[in-house]
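There are two complexes below, and they share chain A, which is joined by chain B in the first and by chain C in the second.
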Partner chain A sequence: MQLERIDSLPTDEISGLRVRPGKPLPFGVSHAPNGLNFSIYTSAGTACTLVLFRRGEEQPFAELPFPAHYRIGDVFCMVVFDLDYEGIEYGFRIDGPQDPVAGHRFDASKVLMDPYARAISGRDQWGEAPNWQALYPYRACVSLDDFDWEAERPLEIPSQDLVVYEAHVRAYTQSDSSGVKHPGTYAGLVEKIPYLKDLGVNAIELMPIYEFDEFENSRLHPDTGELLYNFWGYSTVGFFAPKANFAATGRFGMQVDEFKQLVKSFHRAGIEVILDVVFNHTAEGNEHGPTLSFKGLDNKTYYMLTPEGYYFNFSGTGNTLNCNNPIVRNLVLDCLRYWAAEYHIDGFRFDLATILGRDPWGAPLPNPPLLESLAFDPILSSCKLIAEAWDAGGLYQVGTFPAFGRWGEWNGKYRDCLRRYLKGDGAQVGQLAQRVQGSPDLYQPSGRSPATSVNFITCHDGFTLADLVSYNDKHNEANGEGNRDGGDDNYSWNCGAEGWTDNPGIQALRLRQSMNAMVMLLTSRGTPMLLMGDEFGRSQHGNNNAYCLDSAISWVDWTLLQENAQLHDFVRGLIHFRHAHPALRVNRFDAPPSNLFPDCSFHGVNAWQPDWSADSRQLAWMFSTNSDSQPAGGDTVDVGTVDVDTVYVASNMAHYASWFSFPDLPAGFRWHLCFNTGNGDQPFDLSQPAQGDGGILLGDRSVLVLTAKPV
Partner chain B sequence: MNLTSSTVNGWFAIHVDGQVDSKTVTSLRDFIDEQITEQQPVVLDLTKVPFMSSAGLRTLLTLHRRTQQLSTDLALVGLVEGIAETMRVTGFYDYFVIYPDLAALPGRS
Partner chain C sequence: MPLTIESISKDDYHLISLTGDVDTKTAPSLMEALTGLELAGLSELRIEMASVGFLSSAGLRVLVFAKQKMPHASRLILVGTSDEIADVINKTGLSQAMSLVPSHEEA
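Up next, the complex of A and B:
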């Protein structure tokens, strides 16, 4: 006989529903025998009411005040029996002091969303104008978390072997040109997996997919009247919930299943899924912003407040999450563990991550407990942790982010140096040498490795690659802010005309510059990251901050894939070349020499003689490694009893061609030319690379790549 | 929701008429539990099901597990396109043997 648990039966009745005292953990809603367990934390709230709605109905069908004995410590908890879990939405009212100076903003007239809500309804259709007067706009729902992963598990690809592709779920397939069945959704993105697999990337980094409000700060363009959104989504409403209206099935409340199916599908294709997560602030803004959840639950706990009770604004968006408060720390940890365990997420990129290292008064901590907890967490142990190591409060920690041996960084210095070198600035080659070998100047002193550095030249923030070589200045008029928004330090060069041109010489130079950028990015040590569509010349028409544009400016135009097929094929070739060459992926700064060459060396027009002078715009780098285990499809060559892989990259950003003499090879070896952007007719050939002799005349603003092979 | 059964081409066919969601799913599950046996393959005829919620799809999957344990074949027929597409993007589709309609069922003795 199966034993019936005592707590499977109710003890009380409140508002016509049968209930019993609940369990304080886990927070949020969880399944209990015959019922649902609701648990909510508030340190300063004096009373709490559970508010239950039938799905989609404006007014609640029941309000259940928690009796005194349903409270344990600072946690109210209750099991409610006989609920139709699929048909309900739930929220809370919290009573307590209204004393902003003391940090308290309780208001029992508001229905508050559970910060642990695993699914959120209320905004199931993208862009559908909300009812601004709604009693409860974002509604916590119950999810089952019973997804069948079969044998699938996170991929755990070493960071140095990753090629990351940054994408926005909606922007990627919303355009008709995407040709997908479900434009702008998780399902639509899944339809592009064959394309991504063919391209060769093995990690996709998704811009925010946690529930956010596209109508946050929405407004009409003052001149055009176009509705401007919070398109990018860097402002979280719910940390545990995938954005419902990014799901083709969001209107059926099945976004959790759809997003898990996305992860499963990517993993089956050998592609990791990394989430861009925003823990530095929330969608509640400052004292003028809406009260959705945290503000009414326990304002003083969740936000960094000035002594007068106003919101610190290190995020530049109104408020700052109080990440090193132990309660908030646990929320972040619970959240990431949930995504790692329940969604099989492979890694996280933390927006404005230095905020996570500030104390409750905003001062940078030497040993931030949150960052340490994440670094040593048992469930997150194989997840990539990547910091955007700066914040809007002026703290810049590229190279000094408290890493605990675990954290990688978006390397903003890599981006700036590579851009300046690409456009022909002087005095860059010294720094370039650091950047292409994984930035040892930044990471070696603290014992970190090259893969710490996420190398990128473009990301969502700033110009696309095509725009980087087509515009000297930003053109953000479509954002409706008089072109004042967006960065001015773009280090871009338009190659001779601002924007569109029919000048074939300029067009050819732009293509070459795009290729040059991709070669340098994909032959640098570290973890390379590409921006969606850059492989086929995606343009935002000079807009370097398209955060508010749900339009063709932001959407990937897939007709460019045909139009710029040469660039696409070139980038595809480069990515596959990177996977085939372990020398590019060595993850040590102190690697031993190979049987042919030093692990890493630099050269100029003459081998072994780099020109470090300020006028120099030419540098070659050579990586060489003995590899014990040759990867599948590898391209290493046998020297004696070990495999040796050698890659030589020569870059000429001067406005004139130069003869580059290659390093001498031992007898029995020859150089093979795999890429040469200076050869417009055939910039690459991997199937039958031409044999290189002692040197080559490398064209102006051109890059070439050689490998050493036996005769 | 209305449930009837018949034998079609050697299959035990359960004909579902109406929406399958958390309100109706228990009666579907109970009906199936009472009727399926180890010997006879089962087909769920969903021709007259206009909508299936998350709970409905989950019940299909638990039924799939149940029939697997019994080594009994299970097939679905008559899926409307909306349900089929929801099943595809949420992964449920992959678990089932699906035929367009009862006439397409292979014969079983």
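Up next, the complex of A and C:
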């Protein structure tokens, strides 16, 4: 006879439900024999009540005060039996002092959301106006971790081999032109996998998919009356829950399964999934913001507070999460471990990551324990950790972010330098040489490698590539803030007319500039990242901060794919070229020379003679590697006993054409021309011997790429 | 809408015909009907779905549960599933546990 577990039996009855004392760990809800275990932390709360709702009903069907002996340390925990896990929503009331100066904002009239909620309902349909009077607007739900992954696991592609594609789930397929069955959803994104695979990207970085509220701070445009949303979602409601209304099946409460299916589908296509995560602040705002969860659970623990009890604001959005408090540190760690283990996520990009290195009073820590814990965590050991190494409090740590040998960085200096060089600014070539080889000036002294640098020219924040070459100034009127929002240091150039033009000369120059940017990005060492749609000229019509626009300005217009097929084909060719050439993906600053050339060298219009002067707007770089010192694969050629891969890139950002003489090759080799943006009719994949071999007349504002092949 | 369950043993397979909604309230009765079968000995289980208006995650999980109790090489076939329900099954990856066919002829 099988013995029944004692803990499967209730010991008490509260509010008509059978219960027993619970277990404090794990926090949140976990499945117990015959019931659910609820566990919630509060250090200064004096009493706690579990509030249970039937799904969708406004009023709770039961409120269960925790008896004193259900509290262990600072944790209230209880097992409730006989609950229908699928049909309930739950929250907590916490009683305690209301003393803001001391940091306490307890309010037992509020029902609070579990910070560990694995699924959240209340915003199941995108854009459906919420009931602002609701007692409990966002509701914690119970989820099951029973998804069948089969043999699927994270891909663990080395960072230097990645080509990252940054995308927003809703913006990517919401437009009718996307042609997907479920626009704006995880399922819609899955339908675009064949496109992404064909393009050649092997990592997708998703802008926030943690539950956020598109109605947070929603407002009407002062002139047009249009409703403005929190569209980007950099304001978290629940760190453990995928956004329900990004799921086609969210109204059935199936967002957890749908998002797991997304990850599984991407992995099957050989594409990693990286999440953009926002731990610097939450959706609760400052003292005027709503009390949703942390504020009423243990305000003083979760937020950085001034001595007067107000909120520090290093995030620029009202509050700052107190990341180096041990309780919050564990929350972040638990969260990322959960996404890595339960969702098979391959990596994380941390929004305003510098905040994660500040102490509870905002000062930067020399050895931030949270960053260290993440770097050495056994569950996250094969996940990419990528920092946006600055914050709105003015701390800028590109190159000095506390990396513990582990963290990568969004390289803002790469972006700025490449943009300035592209538009023809002087005094850039010296820095450019650093940027294209993976920024050794930033990363070599601390022993970091080129792939530390996530190279990008455009991202969600700022101009798209098409706009970078079409606008001198931002045009953010649609945001309803008098064009005062968004960055002013765009380093953009409109090529002769602001915005749309039918001038064919300007159009041709813009196309060439877009191609130039892509060539330099994809032939730089480090980890390249593209912004969704830049490969076919996506425009936001000059808006460089479309965070609030759920409209055609933000949505990817897929008709451009046909219209700008030449640019798309060019970028696709470049990405495949990158994958085929190990010389571009060498992940050492001190790599040995190849059998033909140094590992890395710089040149000017004359081979081996770079012009480093401030007036110089021409630079060529050459990478060369032996296959025996690099991972296998790629388009290497046999030189006697070893394979050598050599790529030479010449860039001419001057307004006149110049003759570039190529480095001499040993007998038996010839330079082959792969890309030449100065050749308007056929800018790429020429794959033919370069005429004359000695050099080429490279057009104004043009870039070319050569490889060395045996005759 | 209440759920009615009809269970018939055929020569080559077992047939469960469902009429109504399968949600948290009715899924337990479906679970009961399925666990009442000798699942471990079934080579094919067909579920007649044409008269099912709604299938919630609890209902779906009952079906996956049944499949996992059946032999590895067995087949779980949903017949006449509405487009909407089929969509949920496909989008959440549960389709790997079951086959969806429009009619018995195509099973």
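The criterion applied here is as follows: the second predicted complex is superposed on the first by the 698 of 711 C-alpha atoms of A that agree within 3 Å, B and C clash if a C-alpha of one lies under 4 Å from a C-alpha of the other, contacts with A are read in each partner's own complex, and residues count from 1 in each chain.
Basically, contacts are C-beta pairs under 8 Å (C-beta built on N, C-alpha and C of every residue); 3 or more make two chains touch, one makes a residue touch a chain.
Computed from a predicted structure; not experimentally measured.
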| item | value |
| --- | --- |
| Fit-or-clash call for chain B and chain C when the two complexes are aligned on chain A | clash |
| Touching partner for A:Ser539 - first (chain B), second (chain C), both, neither | neither |
| A:Ser235 touches, of chain B and chain C: first, second, both or neither? | neither |
| Which of chain B and chain C A:Ala187 touches, first, second, both or neither | both |
| Partner chain in contact with A:Ser658 - chain B first, chain C second, else both or neither | neither |
| Which of chain B and chain C A:Ser601 touches, first, second, both or neither | neither |
| Partner chain(s) touched by A:Ser293 [first = chain B, second = chain C, both, neither] | neither |
| Common interface residues of chain A - those touching chain B in one complex and chain C in the other | 84, 86-87, 144, 146-148, 181-182, 186-187, 190, 248-249, 252-254, 257-258, 260-261, 264 |
| Contact set on chain A toward chain C in their complex | 84, 86-87, 144, 146-148, 150, 181-182, 186-187, 190, 247-249, 252-254, 257-258, 260-261, 264 |
| Parts of chain B lying in touch with chain A, wherever the complex brings them together | 21-23, 53-55, 58, 61, 85-86, 88-92, 95 |
| Complex contacts: residues of chain C adjacent to chain A | 24-25, 56-58, 61, 64, 87-88, 91-94, 96-97 |
| Touch list for chain A against partner chain B, complex | 84-87, 144, 146-148, 181-182, 185-187, 190, 248-249, 252-254, 257-258, 260-261, 264 |
